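One chain, subunit A, links the two complexes that follow: it is found with subunit B in the first and with subunit C in the second.
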Partner chain A sequence: MRLLQLSHSDLTRGVEALRKAFRVEAPLPERDHFVFGPLPAGAALDLSAANTRLSAKSVIYPASEKMLRVSLDPAKEDHHVYREADKDYSPRAVLGIRPCDARAFTLVKPNFDNREYRDPYWVRSYECSTFVGLACKSPCSTCFCTSAGGGPFDTAGLDVLLAESGEGFIAQVLTEKGEALAAAAGWSAAAPEGAEAALSAMKAEADARIVSRIETEKIPGKTILSLFDAPFWDDAAFACINCGACTYLCPTCWCFDIQDEAHENEGVRMRNWDSCMFPLFTLHGSGHNPRPNKTARVRQRFMHKLKYYGDKYGGGIHCTGCGRCVTHCPVNIDIRRIASLMNGYEPDNACAL
Partner chain B sequence: MENPYLPIPVRIDKVTIETEDRNLKTFRFVYVNPADENRFQYKAGQFGELSVSGKGEIPIGIASSPTEKGFVMFTVNKVGLVSSALHDMVEGDVMGIRGPLGNWYPWETLEGKNVVIIGGGFAFTTLRSSIVMMLDPANRGKFKDIHVVYGARSPGMLLYRDELAAWEARDDINMHITVDSAKDQPDWKYNVGFVPAVTEAKAPKGDDDTYAIVCGPPVMIKFTQPVLDKLGYKHDHIIMSLENRMKCGIGMCGRCNIGKDFVCKDGPVFTLEQLNKMPKEY
Partner chain C sequence: MTTQLTENIRKIAARLLSEKTVDAVIGFREGSVPLMAEPVIIRDPKDAEGLVFDSFCGVNLANYLPGRKERIGIAAKGCDSRNIVTHLVENQAKRENLFIIGVPCTGMADRRKVRKALGGDVSSAREEGDEIVAAGPAGEVRLAKKEVLQDNCKTCTHRNPVISDEMAGEPVPEQEGVDRYADVRAVEALENEARWKHFEEIMSGCIRCYACRNACPLCYCPTCFVDDSKPQWVGKSLDKTDTRTFHFLRAFHCAGRCTDCGACERACPVGIPVRQFTKKLLKDCEELYGWEAGVLPGVRPPLDVFKLDDPQDFIR
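What follows is the complex of A and B.
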């Protein structure tokens, strides 16, 4: 790891230089919020967002993308044979991503990139990206990353981490990809003596500002069935309207649907984000639905986040503590409250509840 | 990087209408590029995603046996969008298959054992694959007694009727075919009654050397399980195959999970002992 010093103009000039070798994506202002997208030519990097409203997952894994194409024209030699859709996997720089969203990719990775199968769209999209993070010096009141395994200065999944300091930034260059990006941006001034200590102090201060917590310590010791059969799910799900906002906003929710679309003689196979909160998600052609009601669907979301994921992939929770679902749920369903119900649940003392 | 979503092109070689209601058809596919057969090396119990170009994909159990070379076969019930489009296709049409997907019946464990196959309705497809595989001269010696209990609503709703008759005539497999009612067919010479009752009357008792593979509609499974308990089958000797709604078939789209397990990748085959520890979300 190397520490560099950047002034604001170094950053601006660097972004322009990066455009030559990278597709640059960054938070873009949109009405009253920010959203990740390609930085338009001439636009300056705006790092004023506390975070984007939607997570950065769309950068790697778009809400809707072409997977395959097929010709239905009998005159074409390979009609009805699917081919890979054309894609752009040229180098991409993702600038200003928050540590929670960068870490989310590392949580999602075992799903898309494992011993048995590699999802070529996710893997290539991830591998062509270099992530330049922005540390959180003033986290929001709904952030609980420190108890979810991350933190406001966490470097997991990042190639470079910028921390605002004085009249500019201290940049931690963390990986080889980060080195290549710094070189392309022309960032080379070593940080002054004491920068490391200054970073540690900033980190400690930011960590201390996060007072909200998620309690999950005791969940790994409980069985899936005891939590599944716990009595609190009806109550927990009561207000949910199954709108799916929580899964749409979440950086770690990865579920998708696959649909064919055909127009005249051209067909495409698309993948679109989907949500376990929707009744159609599990509906069989026969009409049978293994998750027939709201309680079953809410339970699935939280059991996946807080129990199934850790049991399957060897620990941790499938939540970065970004707080988006807490802020935006129209009926105030709060993953921290559900986690504490699960964490505190002892089937043997069920009558004491 | 290999793309696990890319179907292998196949040509429909033969379509057979299986049942009197014409809702079940068997599709036999040959590979457009014969070398692709090597990429589709499967075991009995696995499934594939059938891809109707421009319409979509559906998960369907493989009905042919790995011992049958040069083609692969699926039996499809007409239900909704994709299965209906498939039913409209004809011999010579080109489409795609993806797979083989999922796990298989535990053939390694079943070697040297008695195998009791219990099936109902159209969930007999991977059971046909299993029977043909076990009866192959190269494999028959690996298994002890083979029993098959298979039932459908009426004689005309049984799948693979010619093969059932041929197996009935053999002495190295004990067939117990049954129908709920045979009133339209006075010459029906097999059993009449529901699968659980026939299982109770005809299946061998459970012991360490005897395994049951059970596939069928939920009601059949519900009433067969107590019968197997009564016959003394331990739950790790009862093997079942599940169907949950699927898309990717490779454990990525998050659709088919039961607890921490994906039916598409960790299943579809589970023992009852495993299922007892899983939520009842199937």
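What follows is the complex of A and C.
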């Protein structure tokens, strides 16, 4: 790890320099919020957002992504054969990503890239990307990253982490990819002596500003069935309207649905984000639905996030504490509240046989 | 601070449950985040103590009625009551199974407006008289509630329930002389191309999460047309035509039924002014049929019936 000092103009010049070697994606203003997207030519990098409304997962894993294309036009080469859709996997710089969203990629990676399966679209999109994070000096009241395994200065999943300091930034260059990006951006001024201590102090201060928590410590010690059969699910799920806002805003929700679409002689196979909150998500071809009601769907979402994920992938929760689902749920379903119900639940007759 | 309305709702709910007038009561409990309250169903009179009512109870509770078989007590604001009337007309609820606790309403706070006024994250909020006192990055701010109302509440003319079994408070004065359709007229005045652009712009950024549809009490179809898979009518990607099809068709399904409760707009996580799709239809129904949805118990909405004196000048 190397510490660099950047002025605001170093950053601005760096972004322009990066455009020569990278596709640059960053938070862009949209209506009353920000979303990640390609930074238009001439546009300045705007790092004013507390966080983007939708997580940065869409950069690697778009809401709708063409996988294959096919043509039925006999005049075309390869007609009637599915071929890979054209994609751009040239180097990409993702600027201004918050530590919670960067860490999310490390949580979803075991799903898309493991010994059994390698999802080519996710893996190539991820591998061509270099992540330049922005530390959170003013976290929101709904941020609970420190109890979800991360923190406002967490470096997991990042190649560079910028922290605003004085008249500029202290940049931690964390990986080889980060070194290559810093070189392309022309960032080379070593941070002054004492920068490391300043960074630690800022980190401690930011950590202390996280006032919200998620309680999950006791969940790994409980059995799946005891939690599954716990009596609180109906009450916890009552308000839920089974929309997809939580899952679509979430940086770690990874489920998708594959669809074919055709127009005249041309067709594509695509995948679109799907949501376990939708009844259609589990509807079988037979008409049977194994998760037939909203209690079953809400339970699935939280059991997956807080129990199944940790059991399957060796600890932790499938949540980075970004707080988006908490802030934007239209009916105030709160993962922190449900986690504390799960964490505190002790079945009456756990050993009565 | 517990308001008198909250106290009264608690008393009525506890009595209804302990006297077994109803099996359950649907209301709100305190939210876990500022400016929100969570819809809740209670069955034990003791749980009535957890019920609340304030300007953060914007969710339309009528949305929780379809499909319920038990006898339900429900706290209903003006708009909720109009959607209950609509449910009764459309056979989604039975009058004899409902005990409507009427809640006079002075409008609901729009959490986006409060967030904007504070310049960011809202860490706490409470209501004091006609003010919302909210704390944000720059400290505590007192906001006049009328400045941060949901847009639909600003032009609401049915703040008092249109139907109830017992009122939880004295009726509030209805707003007089509000211009309900200034926004619609502005769109009507646009040339075709500009109008199309207007709708394209407000629809941009839609993520097809269906929060608008699912928050809407009118959208109780067992399978929505966008979810049908045999056959599949609408594509599932973020293709503009498919997104338009969803929003426009849903709006037309609500013609003559929409009460402008604002649930759709309130629910949208990306700030789409969803009411812009339905409001022209409200205006048309009012002008063509003298109709306001959910106001007359037992009367079917105009697009649901045929009458000899229906205006026919648009059929050519």
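In the analysis below, the second predicted complex is superposed on the first by the 341 of 353 C-alpha atoms of A that agree within 3 Å, B and C clash if a C-alpha of one lies under 4 Å from a C-alpha of the other, contacts with A are read in each partner's own complex, and residues count from 1 in each chain.
FYI, a contact is a pair of C-beta atoms (placed from the backbone, for glycine too) under 8 Å apart; a residue touches a chain by one contact, two chains touch by 3 or more.
The shown structure was predicted, so the numbers you read here are calculated from the model rather than taken from an experiment.
**Q** Report clash or fit for the pair subunit B and subunit C bound to subunit A in the combined superposed model.
**A** By the criteria stated at the top, subunit C and subunit B fit after superposition, with no clash.
**Q** For A:Y82, is the partner it touches subunit B (first), subunit C (second), both, or none of the two (neither)?
**A** So A:Y82 only meets subunit B here.
**Q** Quick check on the superposed pair: does A:C276 touch subunit B, subunit C, both, or neither? Answer first, second, both or neither.
**A** In the superposition, A:C276 touches subunit B alone.
**Q** Using the touch definition from the top, say if A:F112 reaches subunit B (first), subunit C (second), both or neither.
**A** Only subunit B is touched by A:F112; subunit C is not.
**Q** Return first, second, both or neither, reflecting whether A:H304 touches subunit B, subunit C, both chains, or no partner chain.
**A** first
**Q** Just checking: does A:Q259 make contact with subunit B only, subunit C only, both, or neither of them? Give me first, second, both or neither.
**A** Touch partners of A:Q259: subunit B and subunit C.
**Q** Which partner does A:S138 reach: the first (subunit B), the second (subunit C), both, or neither?
**A** Second partner only, subunit C.
**Q** Given the overlay on chain A, how many degrees, to the nearest 10, lie between subunit B and subunit C at the CA centre of subunit A?
**A** About 90 degrees between subunit B and subunit C, seen from subunit A.
**Q** Where does A:S226 make contact in the superposed view: on subunit B (first), on subunit C (second), on both, or on neither?
**A** Once the two structures are laid over each other on A, A:S226 reaches no partner at all.
**Q** Taking the superposition on A as described, I'd like to know which of subunit B and subunit C A:V331 touches: first, second, both or neither.
**A** second
**Q** Minimum Cα separation, subunit B versus subunit C, post-superposition (Å)?
**A** Least C-alpha distance after superposition: 6 Å.
**Q** Overlap of the subunit B and subunit C footprints on subunit A, residue-wise?
**A** The overlap between the subunit B and subunit C interfaces on subunit A comprises residues 257, 259, 283.
**Q** Under the definition above, what is the set of subunit A residues touching subunit B in their complex?
**A** 67-68, 70, 72, 79-84, 111-112, 114, 116-120, 123-124, 223-225, 228, 254-260, 262, 267, 269, 271, 274, 276, 281-286, 288, 290-291, 296, 300, 303-304, 307-309, 311-312
**Q** Flag every residue of subunit B that touches subunit A in the complex, lowest number first.
**A** 1-7, 9, 32, 51, 53-57, 79-80, 83, 93-96, 218, 243-245, 247-248, 250-255, 257-261, 265, 277-279, 281-282
**Q** Quick one: which bits of subunit C touch subunit A in the complex? Just the residue numbers, please.
**A** Answer in residue numbers: 31-34, 36-41, 59, 63-64, 112, 116, 120-124, 137, 204-205, 207-211, 213-215, 227, 229, 235-239, 266-272.
**Q** Okay, in this complex, where on subunit A does subunit C touch?
**A** Touch residues, subunit A against subunit C: 30-33, 35, 50, 53-54, 63-64, 138, 140-142, 235, 238-239, 241-245, 247-249, 257, 259, 261, 270, 272, 275, 278-280, 283, 326-328, 330-334, 336-337.
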